[in-house]
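Letters A, B, C and D mark the chains as written, and numbering starts fresh at 1 in each.
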């Protein structure tokens, strides 16, 4: 693991997600640029002191130098955005598979470069757009992919939080500090942190890419330079329209990622804060409430992504763990000599990472021009 | 009453809303351009046959000719949009107060003209933006007006329906027929029918007017010419931003008028389909669920607009009746010789009607130009 | 109208319910035992002063003495429980139809006597168990009556309020005063006020009568003598079991009448505070959310009991008005010389009133014996 | 681990719960009475083949024979009810700490005996009443323990499922098979499986024990002999009253454990299916919605029991893991030579297990006598 020292939120999440299914053991890491923090964290996690490294370069070299049956199988990168590309490249170059947090890189150029590295290496690169791991998100995708929903007409996606409503970055919050700092976060604030999730969710479920965006971004607190809040109009390849709205200063919102898609044959509603439920509407019929765990009516992908019976709520950590299971499946296949095609991975991949970076750049481009329409077709 | 014959939806609503509080008696009307329908409707409503008229012109003249203590006190106009202006002007000219359905007129010019007529006559003109009649909408307004919410940062308003998802206008629905016909509805489809409600609600509650709009409109069904669906970005005078999204083809949505306002000191959430509840959020505190009927913590305006104790749900008809009570109050004051200032009416007025027409025109202007920003400051 | 003076809650409700559909005009009344209150109320309601009476006996005599086309068609009795029987008997004896609030009488014996009077007179007697007027309650009944639900297994009915959590009767509340006074309310407190509604709702919907009850009643506030709270086990004729729980001291509950029935072929859930929704569950299938106003899938009785389209919420006053429409239908039929059988009324009748009184007595009998099982088969 | 072979539900849950916090490693086990299943399960879990045992007796002996630094620290017992006591006693006798599933034993006598063994040994015995591990359950307990809620007046606890609505035990379900079999489950069906959770939750939160019960039990499916459904009246030591209702044949219910407690100073509502929310009501004030993760207003116990920020839902596995953390804390303290008092454990203990067995026995006693009142004071 690279990153995830004390004060990190997402590092612990990754560790729990990996541990949950008892398929991964944490053996090595550089947990912080602060050596003491890294040491302390590693010890607390019972990592062999000889494998607590000072830098990711040392770690890549050190692990590569170990006998094949002792070295790590893959690395998890859970650092701030500006420290995604370097470690990813270094470990890939050293022959290790990578699971990396999102957004994939600091800049769009890095993302493009990383795509090339992954393509050339043939190694597995997984990106933790964790919300794709929820069973009912997978069923929603199935409904669209199987043609049961028809054509997308209207998409309303929102990701609303309030944790940056106050200047937490001045009150000692590490999280707030790097996320409001362009040097660490890149050109997107909320756009990178939560906007990329929102876009990824929409395209993952509908399979219908956004081709144009008109984004209006706002900063309400003084002394901030990155977007806290964005409202955007979307146009989809299939002719549908949509709204993407995100905020980190929306008082009372906690982690409000919610999606509604109205299509020609029906509509779905899903909300991350109540993830075990999927609403399905058909014109002129009673709304249906689908709940996780019902193999009688859910698709296989949804059923396979669940651990416990219906009514026993699963949450964020479980969906995160599902993304890890997807990456592990691909890594195991690679190790077994039967690598999967990237498009077959049951987890977001390097192209999703590139798409996320494109989204940030296009949204910023639109907003900086006064909220005008900007094309954002997927690079093919 | 003008309009409200068989096949009308809103006519019956107006009649119930008027009857509920036992302050209004229906004495005269022209209920349809179809004379037989008008007769049949009038008889069913026990209107004196001599006061069932053939045209609104006849009715205005006929009623004006009656002794003062026998003629109507005011007229309700519940016709399609293209028949709002004519009757309004005619009755005002004949000295009658008017309550009219929204949008106020067919064209912006008519709206401007009507403002002049109302101003010159000094007569009461009420507009049935009925959602302002809900007690908790009034309390929400109070929260903003009293300064308890601070400055508006983000507004999310949506009004989603699905009843035009199928070509109902070809299946014999009178409602669908005139609403999809520009000659009867004007240049706005969903914009006029529900968009005006959404805008009115936002400005009524926040007191913060929209000053710029960027609207993207869509038509999904073949052979339709008016907007079925609109997504719009908003900018507010006070610096806030927002999204207005409306649809009449959003499968599974019934009458989904929902408002969320995130302001510097907190946020509110209200939904028309569950109107007896208002959510209030303050940063770092548990969300509060305010419910109708609690004089302990609701403002007087909200308390006065309620008929029954908390927990006994009130609905659409009651909010509609509250708008009538507001108009009746103004009419009674006028009759008593102590007319209220228009700004004091406890019901939407002719300026709200003008604003609604401005909204339709600006949104269409924006959309027709490809969804670009258009200023829409209130005319002063 | 008998009762409904200033300080009354239910009197105004009855008046609105009657007025809403423009079929009833209030022409006469004795609105209070306090003559001044009665006069003031009558005048405010624009009742002809000559028809504001001092006592209900005078009113019955006075109205009977008027020419047939001028006298009232029926009387509404909206007094406290101890003043239901006298007026009911008097008006029936004078040849008037009666609509009476519940519980029907002060004592079980009075109820039995009233049944006899109604049966002998052939006049219409309607009882305002208003919750039977909700469209989705009627659809729920249809689901059971049409055999779509199978056999009842488990019923959970609750009616929870908190308005007597404080000694309101000492704080000037007229409502609280008579409801906590056995001389005015009878032997049941919450049992009579809300328990009878709960039982009525269950039996109305399921058609499966309770045959045994074991009721544990409680009084928490000092100086109260009537039950504030009751928990009861139920056994049904068809072999099902159930729980009835009511309270007027359940903090945070407003008017929480909620019903869940689990039957052999599915289950339904309905809640008075959100009455436009009915949940329907079938084993192994997604839950269905039925909403008011959908003629596509609701029964005719439900469709007929609705005034406005789906998504435009209806509430308590509308359901109350539906009960009046049922009574009016029966009264009109009687006037037209084609009286309906009591079992055909589309409103609760005198037998429902008797059943309610039996319920109060049996529950009290059970509770007074320490909460033991007591049979309560319907008298046939 | 004892139990948890293929076809088990709860075994996998225990393993995930243990793994999540990376404090426990599964080293040994006997996973099934079926040796092949046990072997296969153990191998799949990467357990050293030499430590996959044939019987729990062998396992206890085998592990005890290992050097202290190699043997297990504690055993998890996740077998059907009839195989709780034997392994528990055997491992305790061999000096191992025990975490055991509920209900604690097959019979009340076994439970009493186990209490003696645990008391004499001084070893840690944890019972997985997992619902006590939810952060907001812990906060609810805090509200009552700190005196903020006053005296309990009314408790409504329900635990409703539908998975036994069909004769699953005849359709090859292992789960259904042993749970409907008295030889494996004991004298309680739903009572043992879910009723014990319901009672435990109530007493854990309120601190106010049930002292009398009147339980009516039902069996609806043919050929079943254990209760599928129970409705019970409760009386509490502090004078409050309540209802406990459970079912495993309540169509549409998944894992509906819900608790409402109305007390003299307010009320709380919590539901397992939406566990990240706790409703708090105070008379005359807006209801408050408390959500997990808010250190600003939640007690320390609740804050400590959470892993991720508010809005990122936690679920069943996390609450289960919290119970394990409580047991691990006690075990670590014992190993460190500073054992905790049983009453200090942050997990349910052997006395909770005894209480659960008492509940089953008293409820059955009541029901078998026709649903009469039976005292059930806690044994002191």
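Operating definition for what follows: a residue touches a chain if its C-beta (ideal position, glycine included) is under 8 Å from a C-beta of that chain, and two chains touch if they have at least 3 such contacts.
None of the values given here were measured: they were computed from a predicted structure.
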{"item": "Chain pair with the higher count of C-beta pairs in contact (A-C, A-D)", "value": "A-D"}
{"item": "Maximum centroid distance from chain A, chain identifier (CA atoms)", "value": "C"}
{"item": "Intercentroid distance (Cα basis), chain B paired with chain A, Å", "value": "43"}
{"item": "Whole-Å separation of chain centres (CA-atom averages), chain A against chain D", "value": "35"}
{"item": "Centre-to-centre distance between chain C and chain A (centres being mean Cα positions), rounded to whole Å", "value": "55"}
{"item": "Multi-partner residues of chain D (each touching 2 or more other chains)", "value": "253, 287, 291"}
{"item": "Complex interface listing, chain C residues touching chain D", "value": "153-154, 156, 158, 162, 165-166, 214, 216, 218, 220, 229, 231-233, 235, 239, 241-243, 245, 247, 249-253, 262-264, 266-267, 269, 279, 281-283, 287, 370-373"}
{"item": "Residue ranges of chain C in contact with chain B within the complex", "value": "9, 12-13, 15-16, 19-22, 26, 45-46, 161, 163, 253-256, 272-276, 291, 293, 307-318"}
{"item": "Contact set on chain A toward chain C in their complex", "value": "280, 284-291, 294, 296-297"}
